[in-house]
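Structures given as structure tokens follow.
Both complexes below contain chain A, partnered by chain B and then by chain C.
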Partner chain A sequence: MIKNMPSFCFYLFAALLILASLSVILARNPLYNVLALVVAIFSLSSLFVLLEAFFVGIVLLLVYAGAVLVLFLFVVMCLELQSISLSSAQQGRLRLLGILAGVLFSSSFFWAIQSFIKANTLGASSIRGTIETIGKILFTDYLLPFELTSFLLLIAIFGIVSLAQGALSTGKEELPS
Partner chain B sequence: MIPLGAYLLLSGLVFSIGIIGVVTSRQVIKVLLSLELLLAACNLSFVTFSKFNGDYTGQLIVFFVILVAAAEVAIGLAIVVLMYRHLSTLQADELRTMKW
Partner chain C sequence: MLPIIHWNLISLEVLMTIILVMLVLLDIFLPKDVRDDWIGTLSFIFLFGLILFWIDQRDIRGVTFNKMFVMDSLAWFFKGFFLVVMVFIFAMTRQYFKSLGQRRNEFYLLLWLALIGLCFIASSADFLLMFIAIEILTISLYVLTAYLKSDKLSIEAGMKYLILGSLASGFFLYGMSLLYGVTRSTGFEMIQSFVNTHAMTPLSLFAVVLIFAAVAFKIAAVPFHMWVPDVYQGAPTPVTALLSVGSKAAGFLILIRLFFGIFAGWHPQWSLVLAILSAITMTYGNLVAIYQTNIKRLLGYSSIAHAGFLLMGASAGSMLGAAAINFYLLGYLFTNLAAFLVIVLFSAETHRDEIEDYAGLSKRSGILAFSLLLSLVSLAGIPPLAGFFGKFTLLMAVVNRGYIWLALVAAVNIVISLYYYLMIVKRIYVDLPINASPIAVSLSMRLILGIAIFGIVTIGIFQGPFLDAALTAVKGMYLFHL
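Our next item is the complex of A and B:
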């Protein structure tokens, strides 16, 4: 029982991930889409823990489920979202396009993975992505990219503030005086 | 032990689901959520290869991807809110002009 625990957990969280990502794209209510993405991110982070990437798993949980998806929830709940009204011909065309893209992508994935498995059978290594090991590499070999991401975040903040200011000023103009 | 192929298959499936979502949905928020699914699938295969190659670089790349995705989502949602204020709709088909 204990010996089979990792593979049981893998199949459990894999099924959860697939179901949640299906409901991200299929659920009609945008609120349910966002909540399904929370479940998907949670199961993805559990898979990361199964792969012994502990630090990345917890960062994913904190940043995604904690911050990004809450932002999504705020936006979804602030805006009143009307249901999509497409003509049936448009809908049929979109559905056909989506099925075509999905079949194309998944078949190419299956083909690539099959050929890869035939080519070499790698065994799992014994690396463990703890905070210590990841931090050592992050602050030695990857110090420059790490510092550059702080600039990226700064630029993102500037962009958001300027966008919000533009929205505020145009909102004032639209007010009847 | 779970084989490499199982993880890659899962990642490919989630990526395909995300592609279907990006192509078929016409609501901007749904497109953004599907993009998050694409990023999640790529993160999963990065961590898998990191584990099976015995190299930490894949996990570091995932760390950077998460940072960039956070910035992308913040700006994307700001643009979505702006779009709702100007057009009072969230359908991507309504965005026909480059400038308002």
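Our next item is the complex of A and C:
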């Protein structure tokens, strides 16, 4: 039992992930969509932990479940989107096309992954996904990309300042509501 | 262990960052009434200083930051290209916002950030660095596109660009991670040696296709062109100009780095696909452009068509093809920016962008009419202007490759494009103006327009040195492989 624990956990979380992802797209109430996404993210991060990629798992939880999805929840609850039914967009030709494209994409991708696993000559990666290794790599080998992300933050600040502040010009124009 | 850093290779970008920080500080401490003018003027001076510095860097070559940052002939060529583009964009911005009466300080700062992103794209030799550089460019462009927030079209354009652009970023990231899974590296050198020793597998094909989709979004090739018309029409005109020249050139730069460098070992697999995409893209762009009534939208479709022409060079897969892309982009820079300068100057007076308003422009302002005539005729590809020789080298490249059919499609497309470009010329010179009030053009703008016209004519007549420069840029490329 103990020996099979990792693979048992894998199947448990993988099944949970699939179920949660399905309910993300199938649930009619936007609130349930978001909550299902939280569950999906949680099971995904558990899978990463099982692969010993601890840092990715934690970041997934903190950033997506912690920050992004709470924001989603706020938006959904503030806008009271519950009343909007998504069914009209799900019907007809669009739905058929979506399913067709999804099946085509995922099956070809599955096939590509399968053939890659069969022919893989490189073996498993030796890098451990702990915070220590990632920190070391980030500040030595990948120093330049890491530092460059500060520009992204700067752009975000300028963007917020220019887009979110009050009237830009003389004040006679109004924001479109 | 820290990698050894050769600061002289990255000095241009470091200088830009210092300038950016300085401008941000000035933005905070200068009084509000002079702030915008000061930042605009200083930006202009700094840009010319950077161009001098760039010329000084012509012999500096090398790789640094753990082989992530490369300064090769291609990077040098395109950095100069982007600096010249920015000179025009800053001139346009000044004029454009003067007539709108809006504040523009953040606009300048975001333009500087976009320039930094462009320069890092030119120098990246690693997928991670390239992705972050692309994001620096694209995210600042999202904000710039939506900058006129009292204008519904601008906001719509910003929103569309943001959503579709994020999708493209997702493609790039997905392709990049699959490629990492296959090759165990994000560095171009490692990936190239993997490509040269391994055959293409389904998974690596998947990765390359996803990365190409993201690049196709940047260059606006069919079927990733949907964002172009609305964004080009809604964005502030200087941003449209930057999208059509700077962003497109960055896309082709990435295309050259990837498909003439690291993926070149798999060349037979993608050459024909690129040729077919090129034919579809130019035909679509030119056919839909005929029906446009808004000049910015028309130039949007024309830029799709030009992406198709430029893809011909990529499909040729030869050194001539890559050099033809560089040369064509040089001509396209002056030609397209001249057209956008005229649009900015015209709309500053009239606040209109419809083609029908351009009726009788020759009687309202001789210099605007003449500049627009030259740039449209050069876009169409009439000798002896820059556009003609550019198309000629591209055609030569595909004929050498053996794609005669593609050359024929391109020839038919040149004829189609002549129709709609010349329709505008007819409006300018033959039709009578609805409103005959003259349009004044200031001396500084005349000078900038003069530079653009000088570029169009010089590249058209003395092709030699420019073609040499384009060829040297490709020859000395890091990891060049055919």
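Quick note on the criterion: the second predicted complex is superposed on the first by the 144 of 177 C-alpha atoms of A that agree within 3 Å, B and C clash if a C-alpha of one lies under 4 Å from a C-alpha of the other, contacts with A are read in each partner's own complex, and residues count from 1 in each chain.
The rule is short, and it goes like this: a contact is a pair of C-beta atoms (placed from the backbone, for glycine too) under 8 Å apart; a residue touches a chain by one contact, two chains touch by 3 or more.
A quick note: this is a predicted structure, and the numbers were derived from the prediction, not measured.
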Contacts of A:Tyr32 with chain B and chain C, given as first, second, both or neither: neither
A:Ser115 touches, of chain B and chain C: first, second, both or neither? second
First (chain B), second (chain C), both or neither touched by A:Leu17: first
Contacts of A:Leu144 with chain B and chain C, given as first, second, both or neither: second
Partner chain in contact with A:Ile134 - chain B first, chain C second, else both or neither: first
Touched partner set for A:Ala40, first chain B, second chain C, both or neither: first
Of chain B and chain C, the chain that contacts the larger number of chain A residues: B
Which superposed partner A:Phe158 touches (first chain B, second chain C, both, neither): second
Common interface residues of chain A - those touching chain B in one complex and chain C in the other: 109, 113, 116, 122, 125, 142, 145, 149, 152, 155-156, 159, 163, 167, 170
Parts of chain B lying in touch with chain A, wherever the complex brings them together: 1-10, 12-21, 23-27, 29-30, 32-34, 36-37, 40, 43-44, 47-48, 50-57, 59-60, 62-64, 66-71, 73-75, 77-82, 84-86, 89-91
Sites on chain A touched by chain C in the complex: 108-109, 111-113, 115-116, 119, 122, 125, 139-145, 148-149, 151-152, 154-156, 158-159, 161-163, 167-170, 173-176
Residues of chain A defined as touching chain B within the complex: 6-7, 10, 14, 17-18, 21-22, 24-25, 30, 33-34, 37, 40-41, 44, 47-48, 50-53, 55-56, 59-60, 63-64, 67-68, 71-72, 75-76, 78-79, 81-82, 84, 86, 94-95, 97-99, 101-102, 105-106, 109-110, 113-114, 116-117, 121-127, 129, 133-134, 137-138, 142, 145, 149, 152-153, 155-156, 159-160, 163-164, 166-167, 170-171
Touching residues on chain C, where the partner in the complex is chain A: 1-3, 65-66, 68-69, 100-103, 106-107, 109-110, 113, 116-117, 120, 126, 128-129, 132-133, 135-136, 139-140, 142-143, 146-150, 152, 155, 181-182, 184, 201-203, 205-206
